[in-house]
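Going in written order, the chains are labelled A, B, C and D, and every chain counts its residues from 1.
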Amino acid sequence: MATTVIETRPDVLIDFDKESQGDVRTEEMLINMGPQHPATHGVLRVVLRTDGELILESVPHIGYLHRCAEKIGENLQPYQFIPYTDRMDYLAGMNNNQAYAIAIEQLVGIEVPERALYIRMIFAELNRIASHLVAFGTYGLDMGAFTPFLYSFREREMILDLFESACGARLTYSYINVGGVHDDLPDKFLDVLLEYLDYFEPKVAEYNQLLSYNHIFVKRTANVGVISAADAVGWALTGPVLRGSGVNWDLRKSTPYEIYDRFEFDVPVGLPGGSEGVPQSVVVGDCWCRYMVRVLEMLQSCRIIRQAIKQMPDGPHLAGKLKNLKLPDDEIYVEIENPRGQLGFYVRGDGSTIPARVKARGPSFCNISILNHVGSGCLLADIPAIVGSIDIVMGEVDR
Amino acid sequence: MKTLMRYDKTILAGLLLAAMACCSASAVAQDYPDPKERPERVVEGEAVPQDAYRSEVTPVVESVLFYIFGGALLLSAVGLCICRDVVRMATCLFFTLGSAAVLYLLLGAFFLGAIQLIVYAGGTLILLVFGVMLTNKSPWVRFDCKPAEMIAAAGVAIVLFFGLATMLTTTEWAQSTGEARSTTVAQFGKALLTTYLVPFEVASVMLLVVMIAAAYMARQE
Amino acid sequence: MTQMSVPWRPRGKVRYTGLSGLIAGFARAIYGMAAPVVRAFPGSILLGAIFTVILVGWAHFLLFEFADNHLIGADSNISAVRGFLGAELTLAEIENGLAVAGAPAPGVLQYAFYPIQFRIVRDLLSAGGILGFISVIPLYTIWWERKVAGRIQSRTGPMRVGGWHGWSQSMADGIKLINKEDFVPDHADGVLFRLAPYVAFVPAILAFFALPFGTYWVFRELDVALVFILAMLGIEVLGVILAGWASNNKWSVYGAMREACQMVSYEIPMGMALLIPVMAVGTLSMTEIGNVQGDGWTSWIVFRNPFTFAAAVVYYVAALASCKRAPFDLPESESELVSGFHTEYSGFRWSLFFFGEYAAMFVVSGLCVILFLGAWHSPLPMSLADRFLGDDLLSRAAKGLFFSGPLWFVLKCVWLLYVQIWIRWTLPRIRIDQVLYACIQYMLPLMMVILLGHTLYELLVPVHGIVWTFFNIALSVIGGAVMLFLVSIACYGYLNRVKLVGWLGVETLPGS
Amino acid sequence: MAPEEVCDILKERFGAAVLDAKLDARRPYVVVDVARWHDIALFLRDDERLQFNMLECLSALDLLEDNKLAAVYDMFSVPVVIASASTVVGGSGCKSTPLLRHHMAVRVEVDRDKPRIPTVSDVWPAADWHEREAFDMMGIVFDNHPDMTRILCPDDWEGYPLRKDYEFPLEYHGIPATTEHTLTNPKH
């Protein structure tokens, strides 16, 4: 059994070395943080080998929500498969549709009209805010604070109303389709959106006051589940988890797809303790950094949406007919910046209208794989903290 | 047994009420303060002895309570030895200590009864259960002793029984003269720090040594 | 479609007989009759109920006092035990005593007064009062907690059950819980599993027997009341440990282990913090401590000197930890241990745990009020009352209402309950090693310093000297300022709640 | 760093091991020989000109017509630049410093009856779960992989679902997997 030397824990457990036990040795227990558990968001099962409160090994078992979406992808035309992409990461339906739509468009070579690009971009950013709100709320729940959850869902409710006015659905939209957007924006949509942004932005400052800089919350998350930058890149972590470890890598900035290069925004990155706006005990790559990156990303998304509303052109919202697109005998791999990380679609056509192979690379699939490396050596109460900060959605882990 | 288990709630609710009635009845020995004159504050000098303690309850009720809780004490002590499951043993120990505390209350020694509950039922027992949970003897282990041990234990028990019986019968106990038996807490405090100061300090030093030894033993090298 | 075979044994429809069936039927009958009346004017019913409870309690006390003064007479020698049940007075004596006192129909009233003289009758009456109060307290604390939590989270909490603001929500929950099937998991230790809720529930109830609500409003005035209540709070731990242990579930074992660590470690600072007022007043009996803080809010022990002020704060934090509330609610922390020690419980047994917890919450805040916050006295000094009000019935009622009476004690306890609820719904939870770390590294040394400081302060500083009055006045002013500030925040919050909660939220709140 | 240059570097380093290079396709990729794949992977990660430190995705392919199974590795070179303490979280200070931001795809083909590929989970830890999923779905066995078991399907599931010639099981432990309708007229 690998010696679990706990080098990053400064507090009371520093010299608790496993090898030389006193005669009072607590008995090791194998515990199932089973598929049904309030701390695992969705049906993730973590088998913990614990010694008292200390975790020796935390092996995640997945596959409880496996719906073989990829096998179905090999039987459906692209425009029929879009609703399946919604159900993968059910908290960020728009971004999933966008990823698959871009993959098919680049494979077939469809040119998407300007207005559709802007609408897609606005809805993708709105969905990012909604998804980060859920992450912020449920992370408060994991730490035991019930109130932030209610506040975040109040704000998210308004975003869902906006989505409902545009595409009729609240969670599984199938709004972004191959070649553009399903139908045009309802009238007065943009000014209601502006009114919402003005209402929402001061609320984020309120969240920071309520939870982010709360002393107990900082003590529970600072210096817990630290992931170094090298590990983060080695385990192919992406999104806020990677940026929380200090690596400045955001697809919207580094390899801008669609029209992201026309907007001016920042990429928040995890910073060590003591820098401006970061509590003293925070280490780069711990739970607090990952959480704070998400909160700041919400503000950046508002900034992008405001610029997009100003530059919104007129024109058609769809590039043309969606049915029977002939897929060339070639393969394509496209990645976009999903709220949880880089969602990639590998599509291989074989000349017919149905793709030969569709492979979805879910960001949560890679992000959760590091749980064992990070989880062993911490305490039982830290597991929900780490899983919550990685913010996984089981739909896209199991596909 | 099945039906008994099904009506467990009603039975235990009855037990609950009985326990409350006994507690209030047993604590009845304290005289109901006469509302007119208040016991004035304890002056610096010698504490004014409160009016004589007398049992409001007729002796019949008091002896019934005594037998109930004395019986409970004996039964749970026997249960303590018989049970195999560690946690059931701890519960029997709890009932033993609890009924001992109630007996003190019956005798009017309220401070002692409360301290017994705090120190034993609240403190030592919890540490004992805590110790069981943390030692590597997994709590689901069962103590099943071999026949040889049984015989030895029986022998020791018989010897002890006769020793106690003779001691009980031969000594002549001081008859309770029924005069003021209830002492206020202030008198306790004064007695502890004046007449019994040395044993009090020795006990505290001994406890300190025990605590340091325990900390040393559990420390990881 | 082939019907899948269900692996577990299908049980027949569970029919409720016995106690729960009876209760459910009874409750449905009452609700049928009472619903229209309650729906009509709920607010006045609630206020009326509070006052009738106070008046009924007071009437009992007056009855006992009348019986003692007029019937038995001051000089009767107590040890003369006569009559069949050890009664001091025969019927004839009662009749002429009533006639002397000018009671209306002595012939009839004598039979009413005969049982009053027995101690056991008086005990049963007050025990009934205490049990009634105890069963009401958790009910309304749960309802109130859900309303306060709702307001903190910008929603409204229960609004429908029983009309006005869902006042009978917890009663409905109680009936539901009684009807719910509470099973025992297999391989669980049946006897201990059923015993645990009672070991956790009974001590919290017994603590009420020694808790004084007013100078005369106490079931049994023990001169070791404080130690007795501490003992009762200590025993509750065992109930929780048994529950965690007997339910054959690894998570509850974790809950039981955490509970053992936390309770044992937090009883020490709590006990030491309680020593401070005992040292200040010199007795363990809480009625005595309460009476000492009689004249005005500057005489409250919390404002006596800086050490008692700090001790009050440390006591309150340790009390939060000892009744598993707010940031310390690790044993039943939902996110990690599913729900800690009472995961496997449901129905009546689960509600017993919750009754025990809320009763313990009230006892703990009651202790804080009596020992530190001027028990049943209002901020106005009693000397003011004596100057204006005489001794007749009406003035005694006024004295009870405005100057010192059980209403003030309950009001202060409710305020401390509100603080507990407020803390619970804003702060996240602490990890177990931080809880123990805080207790051993911060609370214990701090408490020792306070204890030492207080003893030196009491010995060296002359009572009512310059230093003494300076600290007293300074702390009282601070206390008053804090109280006024909180009240002003509450008013500000209520007056413009539309602006604070935000335009989208408020329109949809019914009755806001 | 365009794909052509990467392909030249590989050819010059490994010569015959690089079987084919499809550089004009929409997403250019290089086909590599199975035997040398592990050293190529090490070279791709450690060579300072390439520095492919993040393995994005491993897609398992079923080329039924020429009786082959393939594994396509997409990898990225991410500049591991730690934002210095002075830059403000969210401030304009944390711009990304483009070091070598390029992308490469490598395909490893192996025939169907003996699908064995050397594991790269020691080169990129991310490959661990991707390889287990490829094994679970397509049946490609990765040699000396630390824990070669199924990751999505139950451990006792027979067959590899994503293969083209996979026929659906009718029931699993007594639980029917299809309805009578599909029993009577199976689709494929």
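FYI, a residue touches a chain if its C-beta (ideal position, glycine included) is under 8 Å from a C-beta of that chain, and two chains touch if they have at least 3 such contacts.
Here the structure is a predicted model, which means the values were calculated and not measured.
Set against the Cα centre of subunit D, the chain with the most distant centre is B. In terms of C-beta pairs in contact, A-D outnumbers the other of A-D and A-C.
In whole angstrom, the spacing between the mean C-alpha positions of subunit A and subunit D is 22. With centres set at the average Cα position, the gap from subunit A to subunit C is 46 Å. Between subunit C and subunit D, the centres computed from C-alpha atoms are 64 Å apart.
The centroid of the Cα atoms in subunit B and the matching centroid in subunit D are 71 Å apart. The multi-chain contact residues of subunit B, meaning those touching 2 or more other chains, are 134. Of all residues in subunit A, only 62-63, 66, 68, 70-71, 74, 106-107, 229-231, 233-236, 242, 246-250, 253-255, 266-272, 274-278, 284, 292-293, 296, 299-300, 330-333, 335, 342, 344, 346, 348, 357, 359, 361, 365-366, 369, 373, 398-399 touch subunit D in the complex they form.
In the complex of the two chains, the subunit C residues touching subunit A come out as 149, 152-155, 250-251, 254, 327, 329-330, 333-336, 338, 425-434, 437, 502-505.
The part of subunit D that touches subunit A in the complex is made up of residues 25-27, 29, 53-57, 59-62, 72, 74, 78-83, 85-92, 94-98, 101, 103, 105, 124-126, 128-129, 133, 137, 150-154, 161-162. Within the complex formed with subunit C, the subunit B residues making contact are 5-10, 12-13, 15-16, 19-21, 23-25, 27-28, 30, 32-36, 38, 41-42, 54, 56-58, 85, 87-88, 91, 94, 98, 101, 110-111, 113-115, 117-118, 121-123, 125-127, 129-130, 133-134, 139, 184-186.
Listing the residues of subunit C that touch subunit B in their complex gives 18-20, 65, 68-69, 74, 78-79, 85-86, 119-120, 122-123, 127, 189-192, 194-195, 198-199, 201-202, 205-206, 209, 216, 219-224, 227-228, 230-235, 237-238, 241-242, 245-246, 253, 256-257, 260-261, 263-264, 267, 282-284, 288, 291, 348.
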